[in-house]
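Order as written gives the chain letters A, B, C and D; numbering starts at 1 within each chain.
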């Protein structure tokens, strides 16, 4: 039950400079607060609502940037993968491979990711009960990889809405894997803008505070210096300049939650 | 943004002695912790799953007990009412009249309760969106009573299950009424035992901690010295001897949440 | 497994003349189609979204109109009741007492209605699993009244939305009570208009056809000569002049469904 | 608005002989009833609940069987694909490529399938609102393929349960694509058996009749001569010997539904 870790970064990698700026700023904030930090960004948004949604800079361009961020800032990096071929390539650079929620039941992808030996962060599908994630974790551990994280990111609740069931967190913990709460995608409104997904940025602190009070290993928060002009997930990213106060409160709650659990 | 208040007691009033024992024990605990305390108990369970469910001691027997508990322990008392006739009678003794969730849209009941001048605690229906509680609150305030509390107690989520949407708490706060989180009924499994409702007592602290971290005026928790043998709501009541540690953690989280909101 | 019965009428009784006009028109249509007909109207809308919602003409004014409609058209009449006191009074005139969905767990109301000896039509709560209606039916039959109908009217599905689970119909049939499908309230969007409930009139035929194909004893459809100007439930009432074609199709589907079940 | 088409077959291809037996039996039944027939089977079950679930005979073994079934019985064949590489290979033999529900938002898969020129049947994700399928259809048509079918197969409803919203069918029809109702997966209970998904076979006729009464282009029904011993989806497959009576009723309802829509 160590203190909270933060998985954060902009939703998608935009440019080398932007990635460095964001990683540097987040490294500074987390160092001041004594919170562990993993840099997250996507090289490809593979399931945009429509074809015209911006997809990201691509694998070839992104991997050297991830490598340089690791070297420059001494932080682990995480990115999401979408098919089996990407797994070994990404694992050469990235510390953590993330399985997207929609793909959490795709056996071949889970096995290919597991076999790289990287840490695997699996997001719980919006369509999955928390107790069913044990089957997902088993697909990875039975493939020989015991370094698994599981991430809660909301459950389908009617149409165009997710709900975060806080009971999910202790249920996920029963898998034995550290539990991450994704406060960014939990406030997503899937398809809520017609040709794009909406979001409720104002509820990111609400849900993150709730999850940390229940007890989690880490929180996942996408952030951007100018969310309203970000190429994806803008409506649910937190502004970079709100991060420090937000994280400070989480660290205080985390200390109490972990003391109560001890 | 004062510190947390606790609304607590056994689900139903069993005997005068039992009511005094519970009220005394809870008064002791809350005094030690410096947490405000309202004693809650029901004189009638008007919507049991089946006719054979035990309904409680009734209004005539319960009111003198409520009156004596107020006098003996100097605490406000709360009970739920089920029809218009009960409102003025109960309001002569009880400080807070509670509108059950199933009845939160019954105009005549809301108006009759409002007109007593007592504080009204309305539970949000399992079928109601949090933003629709403004209409419910308005029915009370437009009847001339501004002393309203609103209580979150879970939303229908598939069959026989409730989910607690923590976003509901700031949405309810927009009504202007203090927001209470009912951690006992939020873990109810309606009809889950066939002829009775089930519950998941183990998640009461989970949800209460989450809600307090988000920020609420109070928590509502039913408790019993022997929940497994209680006449109603046993599966979701917290054992009395677990209350002090549970509440201590909530008070620590509450202090951080209220500091962050200040 | 007799042919389909129709329970229909305007949502609320507006005037004596309006009630007669509607009853007469519906009697004509159903006679031409050979479909059983029960006239429905409410004397009071007891759970409007806001205080300013129009509530209806009241019990004293409505009962003589119901009595005269029975005499004039030779049809049974149905209305909904909201408290115990109304039960014996309404039962002197009306053939069927209807328990509103929000009140389907209120024991005293169910027992008082049962004891009148009238036929009882209980609507399934939006918050209730279909298999839990057996407990509701038992409260009535154990009070000595075996004439019970159960009505499906949608289940809570996220916020401000209902969904009609067609599996509910055979599950409800296991209670032994004839099953009615309420196509009007199943397309309601509770609270969907802010200060009033919205509705999706265009899906009334969709859901009614589905339910009849599954197999039901009757359908419940509110109708009005000018729904957009009706005092309540306008968004989900069917225009009177659409009823005959709509019911004709239902009767054809019903014949096949009942033949397949025989 | 032509008459109903049936997409049917065993969940997974077991052996060449079994595939021929099933295709032949279904061809006989559909010929007698005058119902269009597409043979469906999976060569790989790529998202089994656990690693130990049987996955099927594989692409290389299955394609020649599909080719021979087409030749022998003169029927189009449909199978589901799971990654981009499979698309052109499968399209050389199969008439219809099916996109699994979990993968309906994966842009690269949709585009790769579209570019084969085969007919594409996309299943609506359990996490998707019906109106959001227009974005999915657009990804295919904007890739130059106008031959798209959309399939309703239930929406997440709480945990381990799906609900079939019949309003979805006319909403999906607004995409312009023919709408199929998958009666087999709509009664699935995802993860409901712990290490496997459960199902409610008894509700397949319930939901299929409802959908056909609303109006669909086709129904999708998995069937097996011995469902209880099938390697996958046994709990929700219909026994082969129940198919003819079941389909006969659907055809009668379909005739009425299409007449009413004309």
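As a working rule, a residue touches a chain if its C-beta (ideal position, glycine included) is under 8 Å from a C-beta of that chain, and two chains touch if they have at least 3 such contacts.
Note that this is a predicted model, so its numbers are computed, not measured.
Of the two chain pairs examined here, A-C and B-C, the one linked by more C-beta pairs in contact is B-C. If you average the CA atoms of chain B and of chain C, the two centres end up 33 Å from each other.
Averaged C-alpha coordinates give centres for chain A and chain C that are 48 Å from one another.
Across the assembly, chain A contributes 155, 157, 159 as residues in contact with two or more other chains. With chains as nodes and touching pairs as edges, the resulting graph is complete, every pair of chains being joined.
Interface residues of chain A, counted against chain D in their complex, comprise 46-51, 55, 82-84, 102-103, 105-108, 111, 125-132, 135, 138-139, 142-143, 155-156, 159-160, 190-191, 195. By the touch rule above, chain B contacts chain D in their complex via residues 157-159, 161.
Chain B meets chain A in the complex at residues 155, 157, 163-167, 169-170, 187, 200, 202-203, 206-207, 209-214, 245, 249, 252-253, 256-257, 260.
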